[in-house]
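Same chain, two partners: chain A is paired with chain B first, then with chain C.
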Partner chain A sequence: MAKLLRQRLLQLVLVILGLSSLVFFLVRISGDPASAIAGADADPETLAAIRSNLGLNEPVLVQYVRFLGDLLVLDFGDSYQYRSDAMALVLDRFPASALLTLLAMLIAVGLGVPAGVLGAVHRDGLLGRAVNGLAILGQSVPNFVLGLVLIMIFAVSLGWLPSFGGEGVMSLILPAVTLAAFICARQMRLVQAYTLEELSKGYVRTANSLGYSTRRIRYRHILRNVSVPMLSLVGLELGQFIAGSVVVESVFSWPGLGRLMVESVTARDYPVLQAGVFVIGVLVVLINFIVDLLYQVVDPRLKAQLVTR
Partner chain B sequence: MAGADAVPLLEVDGLDVTFDTLRGPVHAVRGATWSVHQGETLVVLGESGSGKSVSLHAVAGLLPANGHTAGRVRFQGRDVLGLRGAPLRRFCAENYGMVFQDPMSSLDPSFTVGDQIAEILRVHRGASAQDAWERAVELLGVVRIDDPGRRAKQYPHELSGGMRQRVMIAMAIALDPPLFLADEPTTALDTSVRGAVLETMIELRDRLSMGVVLITHDIGVAAAVADRVAVMYAGRVVEYGTAEQVLHEPGHPYTAALLGSLPRLRRLRSTLTAIPGAPPNAARLPAGCSFHPRCRFATDRCAEELPVLQPSGGGQVAACHWTGRLTADGDLGYWREGGEPLVDARPGDAEQPFVVVENLVKEYPLGSGRKARVLRAVDDVSFTIPKGTTLGLVGESGSGKSTTAMIMSGLLAPTSGRVVIGGVDIARLSGKAMRDVRRDLQVVFQDPYSSMDPRMTIGQIVDEPLLVHKRGSKPQRRDRVTELLDLVGLDGDYAGRFPHQLSGGQAQRVAIARALALEPALMVLDEPVAALDLSIQAQILNLLRDLQARLGLTYLFIGHDLAAVAYISDRVAVMSTGKIVELDRVDAIYQRPAAAYTRQLLDAVLDPEADLGRYRDRPTTRTEEPCVPSAPATP
Partner chain C sequence: MSTVLTVPEPGGAEPVAEVVPAPRRRRRRLLPRHFGARIALGFLIVGVLAAIFAPAVSPYDPNEQSLLNRLAAPSLFGGEGAHLLGTDELGRDLLSRAIYGGRVSFTVGFVAATFAGLLGTVLGVVAGYYRGIVESVIMRTVDILTAFPFLIVALAVVAVFGAKLSVLIIVLVLWEWVPFTRLAHAKTLNVVSTDYFRAAVAIGRRGVGILARHVLPNIAGPLIVVWTFVVARSIVIESSLSFLGLGVPPPTATWGGMLSASRGYLDTAWWIPLVPGVAITLVVLSVNVVGDWLSERWDPHGRR
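And then the complex of A and B:
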């Protein structure tokens, strides 16, 4: 346990360092924040003044060393755009994104898992084919297209739901569904595959020979064993959710972290970008750590391994 | 044993099982007929594909959705095949206790064994959580698991194979069923554990007055426990009678041929009389008697007319037109003696061994860091193999025999020690030098299918070593492939087929042909017959002996079945927990075993003659325990 914790802490440091460095150099290749701040037709003197003000006229390596020093004390500086603390901005937007992501995850797991199990059990029937079809459809439609289509139907034509904004539960529904669709489809597919594999295992035959009801076999025995590979899947997908939320938040003008990041890229707002990347990096490592801990709960074989290690 | 006139516990009469498949219906069981009485053990004996397991699954309502049954199955006079859905489930759970081949996969890995036993009582008896748990612990004691209170809290992976199977037995008897159905219960277990598990089953049968149906492919197991035996071949029961009748005076040529295929320690001096060919595919049975293409006594009538079960000389029934005549003339007794005497013309020169292994050690670290321990999989192993002879390496799972085989094959580097093959120490070789040695050193593995690329034809598979080592032009290599296939007894036509189109025995022949392609001096044979049916196993063992005599090959033969290893070996090394505990000539090992472990292994071998009724007849000596208490009362 202590070893796992040590491993994860090291991993966290490496991930943050790698990510931040990558972002640091990438944004500096991509363009000049001074022109973004001052506008396209600003005169050279203004631009130079802005650059020296922000410390951008120094050699890149000097900037990098200073950046690493600031990273060490978690100081990301002020946003170029908003002139306020970058981390405060990021943390201000974070809850909206977290809410959206969690709701989407809930939808994806809540629909995907039972649909996958049913799809496996009735694999040759209508239900199995429906699950298959939905899974393929869900994975092949890009989420910004799905988002726009949903807006067309539910916001424009029917007028049931708002098409944008961060106010209230109603405005949460469309972005959450859009974000959930792809993951849900893949979850269906994978749960179906895992369940099919479990169905052919010996313990299912044993349970049948013991006269257990189909429901008991499916939801007590099979689902318990399917949850092991499922868990790592969910862990991986949470990372994907964050990627997906960047697009979905833009489509629905959702005031979350994803949209803030997109705006910051356009405005070359380095401090906000770095703060955002930092938060997301920590989050992904943390989620993986929690998944590892949960693993031991659902799979007794892993518990034994970790104890002996 | 109950009298023949009593009502049988389970009566299977003309059972047919058909599976709908994409290629049309497959008739897996045809008119199977047998019965079992209370207090009696019936063994259904057969090779893979004989329909023995399918018939059991049909009886227990465990067929997949595409399986259909016809005929009659009656339990205590009540029709079973007519039951469906929930009533069938309840009926089977109450009346049958079932045990399957692989106890690891048959238990749910996510629950403790105690939970799994308790679940049965909670579902079917409505027992409270605490009552069910107490009873579960009690049941673990009944099946002779030590410290049941602690074991109950463990997960399947924390128990040994034998213990897992005992847990399965505890689950099977949890509801006090009158009938115990066991599908190859000891096949996945080490031989030393096998006896004790069988003993427990028979003991429980007597204490709980159950009937037992045991499915097996192992003649020794059948002989040791059976009151009566039904022999199945290609979906039909071909012989049915008491264990003495069927296994001592067989009335069907197939039964006799199976007995002749069995490597036996008391018959090491003569060749196995293997059955030619392979069992037929259930979808394309030959006309007449299904066994006639492989039968040494077949006549024209056998190819045309399906024989029905008829009384043979000894009192049993056999599905053979000639059973009366064959038994009267004693023609089926050949199995007792085996075939030709073995020629012992091996110029084994112990002075100049071809293989020298010295102080071989292989360690694996357990965990990491300062407190790490090491597992010594191979612990100071030394042996030599003279040119042209066979050293058998026998041991149970975890003995280190497979690790030794891997090192000998140059596939794994030892921690320390020397492996000298033909004067070269391969333990430290790498790259080009290793490739040169590899030519002289070939390996045949247990599972022929997984050792071949499924997308390559047999011709390409056998040709690949020739191609890689640049042996001749394309036409030359093609001729060589034909020659090699011929050497292992396969027609040149096989070159165009794919691995999945071959039977297990044919596939293993291809693997041997590929190993022979580069004319090696040493072959490492890692359990090459363990996955094969008995009749095929004898063919491959005979083929290997024949090839050795013709080509002067040196073998290291690894196996877990002492009788099979002894049959092919000149000398045998017995391995246990990484060490060689005894190494001697085969006859010495058999006649004067020095190590206690060797004696234990020898004792665990079940011979159809010497061990007939070994566990069946043993009086229940262990009476110190209280009798099995009854299940918690239904509320």
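And then the complex of A and C:
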């Protein structure tokens, strides 16, 4: 446990340091942040003032050390666009993204897991093939295509749901479904594959011969064994999820972190980019850590391995 | 495993490796074996050829504007005019733009996945064979990169270096080698512990020779499967970046860029978003179907 914690902490530090340094040097390569702040047609005096204000006249190494110092106290400076604290902006947008992501995750797991189990049980039947087809289709439709198609059907043609938003429960539905589709398809596939593997194992036969109901065997015994690889998928695919939310938020003009990142990239608003990358990096490592812990809850056998590893 | 190899009969004229369908899949076939995979492969070949010979096969110049012909409905679906898949908001022929858009996507997808595959395989095999500090460094890097929110890094890099084809490919390669390394590493560890590998060591094989001769051929199958999925993912990432306005800039036709531009016409001209949307979906789907088929052949445990 202590070792796992140490490992994850080290990973956290390395990820944050790597990401932040990457963005820091990218910004320095890309040209003068001062002109990004003041705009293209600023006069030289303004530019010089901004430069000395931000310490841009000092050697890059000095700037880097100071940047690392600021990183320690989570000070990313002010947004160039909004002239307010970058971290505050990011945290302000964060709940909207979290809401969308959580809902999408719920949809994905809630649909994907039962569908995967059913797909495995009826593997050669119509249902199994339908699950197979849906899974591969769901993994092939890029989320911005799916988003636009859903908008065309449910917002434009039928007029049932708003096509963009940030307000109201209804405006959540389309973005959440769009974001969920890919992960749902992956869950379906994975659960199906692992359930198939489990179905042929001895304990299933034993449970059958003991007279347990099919439902109990499927959803209690098998699912418990399948949940370990499922969990690791959630951890591994998290990056995919965040990437997905960047695109989906742009499609639906969702006022979340992802769209803020795209905006700050196009507007060269580097402090916001830094703060956003920081928050996302911390989250990814943190969730992977939680997934590691959950492994042990779900599968006590792993506990021994994790401790000794 | 859906296939078994029959043992050649002792007195037979020729050893025949006959493929027998496993008893589980006894249902009658409406379609030939791997029908979907054949269709997908055929579609991909046609698509790639069309992209390569785009100037010859596309009916119009993809960037030729014709303001009199704006938003012409596709004649394939009953629209009037001479544009099979219709025209966009500037009167450009959508079929031609879709064909040219394939050039960007296929180039990025295949080139990035191939270089990433080479790099990742070498690193994974080296990590699994030499072990020690080399392995630690490579595999810890893999762990760290896994936790990188890639699309955001890609956004930042593209914003700084400009959305050139080369930049897109380099960014993708620097990230997509990870799954190859993970797999090559695990598989190499398996091979290293086999008897035939020990035998090869015992007769004095070492270094690159043993890796090329005994390790690579034994791990190639699953790696090719991963390659197909990385091709699909690279195409999706490329078009996502284009969609966000950070891909190869207009007027060059890209599927993502076409979709992004279509957003104002969702209610008036359904064919503008649909043409690039269907193009990219069909291509990614085909790559995935082919990959699935390969994984069924080479990797009994499916994609992992």
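FYI, the second predicted complex is superposed on the first by the 268 of 309 C-alpha atoms of A that agree within 3 Å, B and C clash if a C-alpha of one lies under 4 Å from a C-alpha of the other, contacts with A are read in each partner's own complex, and residues count from 1 in each chain.
Criterion: contacts are C-beta pairs under 8 Å (C-beta built on N, C-alpha and C of every residue); 3 or more make two chains touch, one makes a residue touch a chain.
This structure is a prediction, so every number in the text was calculated from the model and none was measured.
**Student:** Is A:R205 in contact with chain B, with chain C, with both, or with neither (first, second, both, neither)?
**Tutor:** first
**Student:** On the A-aligned overlay, A:V298 touches which partner chain: chain B = first, chain C = second, or both, or neither?
**Tutor:** Touch status of A:V298: first partner only.
**Student:** When the two structures are overlaid on chain A, which partner does A:Q139 contact: first (chain B), second (chain C), both, or neither?
**Tutor:** So A:Q139 only meets chain C here.
**Student:** Between chain B and chain C, whom does A:L19 touch in the aligned arrangement: first, second, both, or neither?
**Tutor:** second
**Student:** State whether chain B or chain C is in contact with more residues of chain A in the superposed arrangement.
**Tutor:** The partner with more contacted residues on chain A is C.
**Student:** Using the superposition on chain A described above, determine whether A:N225 touches chain B (first), chain C (second), both, or neither.
**Tutor:** Once the two structures are laid over each other on A, A:N225 reaches chain B alone.
**Student:** Between chain B (first) and chain C (second), which does A:L273 come into contact with in this model arrangement: first, second, both, or neither?
**Tutor:** second
**Student:** Which partner does A:R216 reach: the first (chain B), the second (chain C), both, or neither?
**Tutor:** first
**Student:** Just to be sure I read the superposition right, which of the two partners does A:I151 touch: chain B = first, chain C = second, or both, or neither?
**Tutor:** second
**Student:** Mind listing the chain C positions that touch chain A in their complex?
**Tutor:** The contact residues of chain C facing chain A are 24-25, 27, 140, 143-144, 146-153, 155-157, 159-161, 232, 236-237, 239-240, 243-246, 256, 259, 262-263, 266-267, 270, 273, 277, 280-281, 284-285, 288-289, 292, 301-303.
**Student:** Residue numbers of chain A touching chain C in their complex, please.
**Tutor:** It is residues 11, 14-15, 18-19, 22-23, 26-27, 29-30, 124, 136-137, 139-142, 144-145, 148-149, 151-152, 156, 163, 189, 193, 236, 239, 242-243, 246-247, 250, 261-262, 265-266, 268, 273, 276-277, 280-281, 284-285, 288 of chain A that touch chain C.
**Student:** Under the stated contact criterion, what part of chain A meets chain B in this complex?
**Tutor:** Those in contact with chain B are residues 201-203, 205-213, 216, 221, 224-225, 228, 298-301, 304, 308-309.
**Student:** Chain A touches which residues of chain B in the complex?
**Tutor:** Touching chain A from chain B are residues 60-62, 86, 89-94, 96, 98, 100, 102, 104-112, 120, 123-124, 155, 157-158, 168, 171, 366-368.
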